[in-house]
Structure formats: structure tokens, C-alpha cells
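Two complexes, one shared chain (chain A), two partners (chain B, chain C).
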Partner chain A sequence: MIEYRSDEGKITCLFSGRMDTEESTRVGSELIEKIKGQDLSVVFDLKEVDYVSSAFLRICLKVAREMGDDRFSVEHVKPTVKKVFKIAGFDKIMKIE
Partner chain B sequence: MNYLNYPARMEYLPGFLDYIRNEMIDLGINMEIIFEVELACEEILVNIIKYAYSGKVGDIDVGVEYEDEGEFIVYIIDRGECFNILQVENPDVEASLDERDEGGLGIHFARSLMDEIDYKRDEDKNIVIMKKRILRKQGSGDNENKK
Partner chain C sequence: MTSAYESLNEILEKSVRASAVFSQLDQEHTDRITRAVYKAAMDNRVKLAKMAKEETGMGKWEDKVLKNVIASQMTYEDIKSTKTVGIISRDEKNGIIEIAQPMGPVLAITPFTNPTSTVIFDILICLKTRNPIVITPHEKAAKCSIEAARICYEAALAEDAPEDCIQWVEYSSRKLTPEMMSASISLERLSEEAYSRIQLFRTLVSNRRFALILVAAGSDVIQAAQSSGNPTLGASTGNAPVFIERTADIPFAINQILISRTFDYGTSWSGEQAVVVEKAVAGEIMEEFKKKKGYFMTGEEVGLLEKIVLDKETGKISMDIIGKPAFQIAGMAGFEVPEDTAVLIAPQDGIGDDYPLSGEIIAPILTFHVADDFQQAINACIEVNFSGGVGHTAGIFSNDEEKIKEFSLVMNAGRILVNMPSTQGALGGIYNTLHPSMMLGCGAAGKNITTDNITVSNLLNIQRITLRRLNERYMRFNKEKYLDESINAVTIEKEYNQNY
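After this line comes the complex of A and B, so read on.
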């Protein structure tokens, strides 16, 4: 599931539950459309997420490319999920906190 | 060993993963290991569902086995096109943001999260065998009453 919060040039995408292949595919294109061409920064808040698959990481990659690495960050990442970002080497190309 | 058999379609993915997860919970395997095995299995299953049968109807068998030496083994079998998972190249995880390839991440995850992955082609079958060394919580699972 995903909830959007807009605040002073920043949009926070609050995900919850399992961001598996099915759920990531379901929310992915809508999310990309929403932020495309917008002059703002994007935060993915993962404090309610305990499972991610490669489909979710592909969304992160698309958003990071769209926004540039200075206007995109992934926050409140749980240790098990962080391990997946590290295996993908995404900790070197985007802000993961 | 019993196998769970479902059609190779996305709507059956949760059923496969529930089965694998519940087997691990019954064995008292810790949640971190369960997460890693489940993710590895999801990636392999999604790959089969998307590509193995090229749009034709097909199915998948999933079986699990626990060895007393502490290995949890998952067998994933399809009868689609010959596909040796061991020959897939890992993505370049050092590449810059612009040069990152979107493909290949799933299989890279499976390889990284499992301790061992084997592949066999047996007649018309692709057989993927994934092994994970596990830590079990004290006093839980089916070995409780054994010596």
C-alpha cells in the first residue's frame, strides 16, 4: 500500500506492508506518473515495510533516475530490507537512511 | 517429498510463498532467514512465471526439505524452455545510476541470499535447487522430541 504526503516541495511516499512483485507492479506506474516532471524532491518512507522484492528496487531506480540522486532518498529502512538494497549496490547510487 | 503444484501464473505466487514460509515457521527458523529464503524463492518463481512458458499454459512444482545438518532446501521445477539459471550474468552493482541495468537483479538476489543454488535439466524439466543453512530457535520445530 502507498500513501502520499506533500509538504513544501517534497513528496513523501509512505509504503506499508509487503512491497513484493505484485504490489510493486500495482503501484509502480501510478507512482512514476505522479512524480514525473515535478520540481520537487521525493522521499520513500519504508518504516512500515518489512519485505521488498527486485520489482520494488526497480521502482527506486526509475525514481532516482527521474529525480536525480540529490532529489531522492529512501528513509527509515529496516535492517533486513537494507541488506537487499546493499546486495543490489543501491547504497552507492542513492541515499538510503 | 511432496510437491505443491500450481499453474505458472502471478495469482498463484502467494500460494507458493505461503507454503514455503509456513514450512519454515513450523521448523522454528528465525524470521530473518525466512525473509531471505522467501525473497529468493519469489524472484525465481517470478522469473519462471514471466518467461518459462512464453505465454503458453504451464505449471510449477515446489517442494521443500529439511536436512538434519541444518539445511533447508527448496526445489522449484518447471517444464518450460531450457533455462540454466547458473549461466545468467550478475548485474554490475558498481555501475553509476545512469548505467544501471534494471534486469538481472532478482536472480542476483537469489544467488546472494541463498548459500547454494544448483540447476539441473532433466528431460523436459528445469530443476532449481536452493539451499540455506539455518538457525533454529531453541526447543522449537519437529526435532524437539528427538534425542
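After this line comes the complex of A and C, so read on.
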């Protein structure tokens, strides 16, 4: 599941549940289309996310590359998901808060 | 940067990501993936065995089927109930709770002698422990190895395993392996292609993103892996002696040795390579071998065979004879034996460099050593054991427990097999309760860190939650006494252990 909240040049993507391969693939292309070429910053809010798949990590990488590291951040990660970002080394290429 | 390096880097990045995703899986999901992979491997056991035989030209496809069965069914039955995720044990009394954590990306260097079975085995133990795996197959068996990996990967994905949890290096990076290991190698003298292969292999094994290397290969490759700086579990070469002690059931012993030595035409390092017997029973043993199609070579034939068993350039076993039937090997040497000959047997009066057949040979060839008595027989076994097979495997046929013990205490072998075929016995799960494994640890002598039959317990980081439990003896001991130089160790020990 994904829900968008726009606020003064910032779009927050609120994900919820298991971001497994199927769900990530479903929301991924829609999300990329939504933010492509826009002059805004993007926040992924993961407070309701319990599991992230490789497909979800790919979305994070894609958005990080599209936006640059100063306009993209991942927020409210649960410990199990934070560990995933840490092992994958994503904390070095994007803001994880 | 060449495309091969880019490809390697991409593989590693994907593997690290797979490792991250794997860390979230629970035991139930992990077990579902493991079961799916085992089933797929079993369903393809015959196809993969035939592919391996066709590609390598070595061994028998029927025996390679059994190797695939050991790697898939036997291994699965052995590991399926093992806890490998989260809390795996609780010792309330001592206050120790153990948590199993994955290690991270594993590099698996797989051989040409047991190509598909090793790939299946490595994949099963890696997935059961939530470790992604990158396979670099031997170039002589790349096609069948990659097919085995592909089959396993598809099955894993169908159970929602992390993407890229199984990957393989498609280009050959091991062609010049002996050269790679030589510290004195002059890289300038190599062709550009050779140079780039060496650098690529070194880059692969020394990449710090690998948590562990699993290597089943020749000593050169094992050394390369061990010197990479990454933790390494390696299956080394072997030179297994088997002692037929005089209390053994001789017909049974010969039958078992032949089951083993003819298995896949001798391609396993754990197979018996030297038969040691006592003079008192030598005649009976020779007759029994002859009855069962063992061919005792003449001195002249032994001489002819010695000329072809070793590769003239490398000084190691010739690739031409590995896994070939006995009659073909005899033909290559220049003498004829019946086509149904099970093994070529070379009577020897010594062991070591002057006796080329007494070294590590993976073909249906046995050396035959007659000793005056029990002590001499054991000494001969020690000579064989330390002549290229230290740490690996040794066998004995006997019904005298004391003699079995005496023999075992002086062998340096991870597995000492009693009254069973050595090849199949060492692999575990059929003739004994050793863990079924295609990776046989050879201990410190074999430059390994374990003598285990490698299995899932070797691929986990165990974290221990340690609850407060006071050491009463320490608590009641007057610690001031440690500071007093005049009080010696014996006095302290006595007081520390006083039981009022």
C-alpha cells in the first residue's frame, strides 16, 4: 500500500505492510512516474512497513539516483528494516532517519 | 574497468542486497525456500548427472545421480529440522540464549569432479542459513554447474526468496589457477588475457564484501582463497589409506573397498587409495580382489602406469586419467586388461616421491602394501596418510576394537571410517550418521579450520545472550591475594576450589 502527501515542495510516500516483490513492483512504476522531473523533495515514510524486498530496495536506489541525495530521504524505519538498509550499505548513499 | 569487472561488481552489489533482504526472513519462510530448492534439485538429479558426465567426460552418470541425491535428499533430511533463524537454544541454568544470524554473501568455488552435487549442496546449506551465494564453477564443468544453480534459483524465487540469493560467474576466471597462486609469478610474461583472468580471480576471492568462501578444489585454489583475507572453509585433496586388519571379514572388506573405489570411477578424494594388509592375510586378500575383478599389475605394468599418472608440467595427477575406467587407463599406459576390470592394483614396496602411484590419485587405481605385522601396517598407513592426504580420510576393516582405537589414535584424518566404503562413508548419511556433505573439512593439517563434514552449523554466526550468573568461587575468594606476589598458584588454586 502507498499513500501520497504533498506539502510545500515535498512529497511524502507513506508505505504500509509488507513491501514484497509483488507489492513493490505494483507501486514502483506509479511512484517513479509521479516524481519524475518534478522540482520537489521525496520522503519515504516506512513507519508502517515490516518487510522490504529486493524490488523495494531497487525503487529506493532509483529514486535516490533520480532526486540526488539532498532531495531524498527514508524516514521512520523500524529496526528490522533499518538493519536491511545498513547491511545493503544504503545509509552511505541516501539519508536514513 | 573491463566489462568483467563491472559484471563482478554488480554481482557483489546484488549479493549484498540479497543478504540484507534475507536477514528479515523467519524460520518458516527459510524452510519453505530450502524445501523447494531440494525438491527441484531432486527432480533434476538424473538430468544434471548426465550433463556433468557429458561435459567433463569423467565418472559414471549413475554414480553422479547418487552424489546428487546425497547433496539434495540426504542433506535436506539432515538439515530440515535444524533451527537456523533467531533463537535456536536456551540454557536457563547457565543463562545462555543462542541466536543464529546469517554470515552474509558466500563465494562458492566448485570443482569439476563433483560439479552439480557440490553446487546443489552449497546452495542448500547457504539458503537454509539465509546466506546468498555466488558460484564460480570450474571451467571444465561450467555448463552443468550453472544449470544446477539456475534450477535451484528458479525454485527459490517461486517461494519468494530474495532476488539474487543465488548467482553465478558466467565467465571462466580459473583457467590459470596454478599461476595465480605463485608469489613469484612474473605477470609481465603472461598474455593480456591470462593477466586479466588472474587479476579477476584475485579480485573475486579477496573482495571484502564476501563473508565466507566455500572452496572444493585443488590445493592451489584453496591456497588462493585462504590467502584472500576472507574466512574460508575448504575441502582439500586426500590420500586415504585403508587397513584390512587380520580380524576383518575379508570378502566383505574387499567388496566394500571396490564399491567405493569404482564409485564414479574414483573421482572422490575420500576414496581408498592405498590398501595396507598384514602378511598373514595378504594371500587371501589378493585372491578375493582377483575374484572381484581387481587386476594386480606386474612390475613392468606398474612402471608403465607410473609414467602417465602425473602431468609432466604440473607434477600433479594427469587430467587424462581422472574418473576414467580401469581398462582405459591401462590402455593409455600401454598394456591391456579385461574391459570389466574394476580396479588396477599396484603392489608397492615403498611410499613417497619415488613411488608416483602412492600419491593422491582420483581414478580406479589402488596401491597394495604388505606389512610384516600390525605395527608395520599402521606405520605404512601413517606414511600414506602424511603423503598428500593429511587431515582428510582414513579407513580400517577390523573386528578388534582395541586395534581400531590404536589405528585411529595415530591417523591424522577428519574421518576414520570403520568397516565401510570410504568414498560414500566420508560423504555421510548412508553408512553412518556423519552429516551428509560435499565439503569435507580437513582440520589444521589440511589448512582448514575444522574437521567437520561442513553443514549449516558452519555457516552461522551464533550470538549469545548472556544473563547474569555469578561465579560463586570467584565471588567468595579474597581477591587481595592476587596482588600478593608471595602467594603461589597452587595456594590460590587450593583456596579457590575449597569446598568447605
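Assume the second predicted complex is superposed on the first by the 97 of 97 C-alpha atoms of A that agree within 3 Å, B and C clash if a C-alpha of one lies under 4 Å from a C-alpha of the other, contacts with A are read in each partner's own complex, and residues count from 1 in each chain.
Here is the rule we use: a contact is a pair of C-beta atoms (placed from the backbone, for glycine too) under 8 Å apart; a residue touches a chain by one contact, two chains touch by 3 or more.
From a predicted model like this one, the values you see are computed outputs, not experimental measurements.
Bringing the complexes onto one copy of chain A puts chain B in a clash with chain C. When both complexes are overlaid on chain A, the residue A:Ser54 reaches chain B and chain C alike. In the superposed pair of complexes, A:Ser6 makes contact with neither chain B nor chain C.
Of the two partners chain B and chain C, it is B that touches the larger number of chain A residues.
When the two structures are aligned on the shared chain, A:Phe85 is found in touch with chain C, with no touch to chain B. When the shared chain is aligned, no partner comes close enough to touch A:Ser29: not chain B, not chain C. Shared-chain residue A:Ala64: touches chain B; no touch with chain C. Once the two complexes are overlaid on the shared chain, A:Ile93 sits against chain B while remaining clear of chain C.
The superposed model puts chain B in the path of chain C at one of 149-157, 185-193, 365-373 or 491-499, which is 149-157. Overlaid on A, the two complexes show chain B and chain C touching the same residues of chain A, namely 20-21, 51-55, 57, 80, 84, 87-89.
Looking at the complex, you find that chain B touches chain A at residues 10, 13-14, 32, 35-36, 38-39, 42-43, 46, 91, 93-98, 100, 102, 105-106, 108-109, 112-113.
Those residues of chain C lying in contact with chain A across their complex are 14, 16-21, 23-24, 104, 160, 162-164. If you check the complex, the residues on chain A that touch chain B are 20-22, 50-55, 57-58, 61-62, 64-65, 69, 80, 84, 87-89, 92-94. Remark: chain A residues 20-21, 51-55, 57, 80-81, 83-89 touch chain C in the complex.
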